[in-house]
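After this come two complexes, each holding subunit A, first together with subunit B and then together with subunit C.
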Partner chain A sequence: MNGPIIKCEQLGKRFGKLEVLRSVDLTIPQGAIVGLLGSNGSGKSTLIKCLLGLLRISSGTASVLDENPWDLSAAGKNRLGYVPQVVHLYPWMKVQQVVDYTSAFYERWDFKWTLEVMQMLEVDGSKWIKTLSTGQLQRLAIILAFGHRPDLLVLDEPAASLDPGGRRALMRSLLEMNRDQGQTVLFSTHITSDLERVASHVAILGNGLVEYFGEIDELKESVKRIRIQSDQDLPTQFTIPGILHSNVTGSTAVVSLAKCSDSLISDIEKQWSATVTVEDLNLEEIFLEMSDV
Partner chain B sequence: MFKTFRKYYGISIVWIQRPLNWWMVAVLAVIALGGPGLGGKRYETRNGYPEAPSPLAKHFIKNHKVFRQAIDRGEVDKTIEGMDLSSIESPDSGDMKLDASNAWQPRVLPIFDIKKAVALFPNLRWLRIPSNHFSMLQTGAFDDLSSLETIHIEAGSVSDADLKAVSRLKSIVFLQIDTLDLNGSLTHLASLPKLKTLVISKGSFMMTDTPRESPFRREVLNDIQRLKSLEQLVLHPQWLPGIGYFAGSTTPDPSCDSILKQNAAELLADHPSLRHLWIGSQQLPEERSGLRAVAKKLPGVNINAAWFDLQKFRTSNAFLLFLGLTSVGIGFNLTSHFSAPQAILVPGYQASHQLFSMAIFYLFAVVASVTIPLWTNISLSASIAIVTYVLGTSLLFHYCVMLLWQQGSRIASRAVLPVAAALYFYAFLGTSQPSWGLLVDRFLIGDFPIIATSVAVTSLAVSFYCIRAFRNQHRVYAQASISPAIAVDQFRQNGADNAWKEKLTSIDKKAAKNCFAQNRRWYKSLDNFRSHNAASRSCLQMNRLWQLGGNAFVSQVRFGLVYSVIVLFMGIAYSQNDLRDGGVLWGVGLMHFIVTANAIPLVDNYSRRKSHSFELLLPSKRSDFILHRFASTFFQVGISVLVSLAIAMTIKQLVFSPVTGLLILRSIIMSLFVTGILTGISLIFVIMPVHRFNWFLNGVISLFIVGVGVFLAITSVALLVYIYFNGEFIPQLIDLQQAKIIAFASHLAIIPCTAIVTSVVLAGAFRLWMREEFA
Partner chain C sequence: MSISPSFFQVNPSSGVPIFRQIIDQVKALVAAGKLRSGDMLPSTRDVAKTLEVNMMTVSKAYSRLESDGVAERVRGLGMRICAVPISGAVAERKQKFKEIVSPAIHHARQLGLTDDQVLAVVNKILKDNV
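For the complex of A and B:
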């Protein structure tokens, strides 16, 4: 398959009159590691559930692994791994039993790899499920989603309950799989440092649509914060093309720009007889600037 | 192959290790050990053979008044097809007379009147002649009844002349003789060309130790051998285990079970046309072996006992309880397996689990179906019907609970359990409707292949649908768990707007009017919000508009499933004479499908109370919200009551007498009142325990009260409707006390009285809610 692994056009999801997703356009190429960012209630989990067929979409189209997500075939499911936000497993069973039980449903299950991931995530196969903490359950869910080496891995806030060690191990295995197999990963998270570490692409969800989707380096290259020191007082309603956020104090302004370029900087310097300093932003700062928080 | 084995091995491990299943096994083991003992060792017995099919009630005279009116009119009535002379004595106290022992007795009508009356009904085909009118037989009073097919005579002593008189009735197909003394030859009956069924029974006569001409002696059996057209024979003596002798006699009483069976096996062996024989009893091991011996000697004849043991009936109930719990256990397992995302996303997960559960379900069905005939001697098809019915209804019940669960009503689904316990207690252990054992009982009397096939097919379809329906559980759950939260959010937003308006009410009247209009618009917007699709705007789904955050899917499934099954059962019951023979299937179906499923919306009130609390905190009138809750419950219950009424009216029209406009009007008015009472009672029970006890007691007591309360409410309503209709429905009820109740319940004044009771109950419930709810 050479086309996009996930594609949705004008995807909408509403509950009654409330529109959670308005018009989501998203095309995820094969082999990408995509981080899904968005504030609370922006519809990240809803989008993931729609893409996996757990919720029926209200409008638009979506395809996952070239299939309609509502009617995923067994072959499609064999190429798909999912780590939910809340993990439901059988409390009366042992970890190894659940792994064996789950493995039986998949056509190709890599037991050696599963063992490696179990060791990496420090999960004990002899433990009862009911004795596991939330974080350990999350680790087990990751193991169950990784075991069959899926082509597409979807994780809904996988690191929310993990300790730093667990997060590091998770990120490492994601990178390993992506490197070895060209696996595609879509994961939602609020921990932008993780995302920065592994993601090749980022999608920012807000107002019911994808406000930005692109390569993470491109985003970081594009979004900048500039400090303007002018000889004269700057207007309160200071505007520049592509402005995200501005703070003007007399002859000084701090401005966030969605698309910062050398020509734009030189134009500002000329127009306002100013000195402009360009600052790089990390992903968290970019997200905050873009989501207007 | 190995892969498949691993998969199903894994599933079975999941099932086996589950603690819930161990509990289930423990409960089942207790039932298996103690179940057959439930009810104690009783040897009550009843008839085990089919009665002659009687005409529909509207073509039947059993009522003294109707009979007297017919005589007074003196007009020939060709619509009457049946007459029971034992029931036409006067039930009215005005016609009672004191007998020699100074006891009140009904006045017996003079023979002349009966003879005259019989002539007025030339199309009579069913006739029962009690002992006090038996002498009429020889007078030739019935000789001109050319359509007479069934005759049931009761006489302390039947003479040769009586039998000769019977032999003049050439159209007879079914003849039942209840007597202790048959002093004549049955060979006279050989001249009856159409006689297919002969029942010789001790009837209601008590055993005597005086030597008489037993109707079960060898000579009589010899005579039966000569009845060439006879296909069904019932030999139903007093239950006499072992060998008994009349006083001073050295010859054993031929009515003794073993003697009768020996004689029948010997003397009926070469009967040319006999197809079915009901004989003696099967309570004791030797009686059962006697039956087997008869069956060996009469190879072409279907042999059954004429007596059945109540103990067996109770064992059936316990056995069916076992099956019901198994079915519920399967449902619970499915609920947990399909409530997580892996049900949708793991390849082959749903199909494998469904296959596994269906395999267990059908394995139990097959084992149980084969087991029941071993100790009840009913046919395999009947056994399959019973087993699938019980398993299917249990699964349907669990499915309804699951739907409640999916919409977030965990409390409701737990509250349903005591309701189920109350409702099903009688089903498992009772001896009358709606006991499951009655199904076994029904098939003990006859095979009824069409009923058996229909019941089995319907039940299998329902169970298949229920098991299949679990597969999308996670999707429904995900959708439903998000929707109510959004509904509450929407409510809060609207409420915030409304709060500003609300403040104006104390300022001026115009603003207050505006506020009222705003409230109306608010509720309208809420309704619109919930009726976003066309289906939910239908009348049937209106109830959902009041379900704050509820799920229309629940109502759709409940109404759809329940009523389609009811209509089907009604059709089967009608077509198979079940309604005429006491309506066993109808009664059982009614109980398990209507009552159980409709208890759920009432119990749902209990769970809604929790979400209600959010809404009551909004700056809007508390009374409005409570009114909405009342309106919602009233509407839901009203739909059920009216649908039930429509079904009852249809039965009345079909089976009894034509439905008049006045009756429909009265019934609808009464149904509305009944709905009001039921609404009030259920809401009182829901609110009663709030704030009265600590959290534990509050939980336990409220569950108990909701369970028992809803059960009592439903029973009260059922009784009210039943009594109200009795006057028209059950004309054969001539008991003096019952007649008084009927007369009372049918009186017009009952309507305003019920209206007052309804108002009091509803007003009381409303006041209680206003006082208690989050006070």
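For the complex of A and C:
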């Protein structure tokens, strides 16, 4: 299959009068590991639920694994794995029982791989579900979503209640599946350092739409903070293309740019007879610069 | 010879994209003589596994190294370091070398070395690096 794994166009979702998603356009190619970023309440979970058919979209179109998510076939569900933000499991069962029970729903459950992931995430099959902590429940949810080696794995803040060791193990197993079978991953997170290591692409959700989607490397190469030191006073309002934020004090200015390039820098140097230094930003800084705050 | 993937070190949270960090390190290893023409780079898979980064990131670094003429893709074998091409006029290359050496000379003076002592050191390095 060479078409996109996920494709939505002008996807909208409203709850009564509240419009959470206005017009989401997103095309995720096969084999991509996409980190979904967005501030609290930006609609990350809503988008994920729309893509999985857990919520019905209000407008626009969505296609997941070439199917309408609201109408996913059993075959489609067999190719899908989902780790929800809040995990609800059967408290009266033991871990291994839940794993066996879940495996029965899938045609191609991989028991050997499941055991590997259980060891990697250090989950003990003999424990009662009701005794598990939030983090341990999340680990188990990951195992249940991984076991059938889905072609598409969707995780809603999988790292939220994991300790650093658990996060590392999760990222390692995501990378392993992606390497071995070109599996596509979409995961929302606030922990940008996880994303920097693992993701190939980043989608930034804000104002009800995808404000940025692209390769993480391209984002890091194009968003820069520059320091302008001129021999004259600079205007308080700059007109530089793609300006995100600026802070001018007299003849110096600190400006963040969405699309920094050598030619843009030399233009600025010429226009203001200034020296410009360019600063690289990590993903967290980029996310903050691109948010409205 | 081929180098081990653990030769590379990346800092994912730096502002420099990971693929660029890998490119810079390969170039630095070549410049330091630790990688020579004919040496093989570890496979993208091994590097991705060792560094725990996305395999596409490593592929991208290798593709750039190829287009920069630092390494070449050998079918069935992987990436091989190319012979460093000599380009530019002699005067230009001399100028480049001067820029690298000048700070070193400055340091040598600070260390209180005489010109003869500096030359002796340089001659020794030249002899060792044939």
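Keep this in mind: the second predicted complex is superposed on the first by the 293 of 293 C-alpha atoms of A that agree within 3 Å, B and C clash if a C-alpha of one lies under 4 Å from a C-alpha of the other, contacts with A are read in each partner's own complex, and residues count from 1 in each chain.
The rule we apply is simple: a contact is a pair of C-beta atoms (placed from the backbone, for glycine too) under 8 Å apart; a residue touches a chain by one contact, two chains touch by 3 or more.
These numbers come from a predicted model, not from an experiment.
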{"item": "First (subunit B), second (subunit C), both or neither touched by A:Glu221", "value": "second"}
{"item": "Subunit B versus subunit C as contact partner of A:His88, first or second or both or neither", "value": "first"}
{"item": "Which of subunit B and subunit C A:Ala104 touches, first, second, both or neither", "value": "first"}
{"item": "Touching partner for A:Lys259 - first (subunit B), second (subunit C), both, neither", "value": "neither"}
{"item": "First, second, both or neither for A:Leu55, with subunit B first and subunit C second", "value": "first"}
{"item": "Subunit C versus subunit B, contacts on subunit A by residue", "value": "B"}
{"item": "First, second, both or neither for A:Asn282, with subunit B first and subunit C second", "value": "second"}
{"item": "First, second, both or neither for A:Lys77, with subunit B first and subunit C second", "value": "first"}
{"item": "A:Arg172 touches, of subunit B and subunit C: first, second, both or neither?", "value": "second"}
{"item": "Contact footprint of subunit C on subunit A as seen in their complex", "value": "31, 33, 168, 171-172, 175, 178-179, 192-193, 196-200, 216-217, 220-221, 279-285"}
{"item": "Partner subunit B, residues of subunit A touching it in the complex", "value": "15-18, 46, 49, 52-56, 72, 74-75, 77-78, 80, 82, 84, 88-90, 92-93, 97, 100-107"}
{"item": "Residues of subunit C touching subunit A in the complex", "value": "12-20, 45, 48-49, 52-57, 60"}
{"item": "Contact footprint of subunit A on subunit B as seen in their complex", "value": "3, 6-7, 9-11, 13-14, 17-19, 336, 339-342, 344-349, 352, 474-475, 478-479, 482-483, 486-487, 489-490, 528-530, 532"}
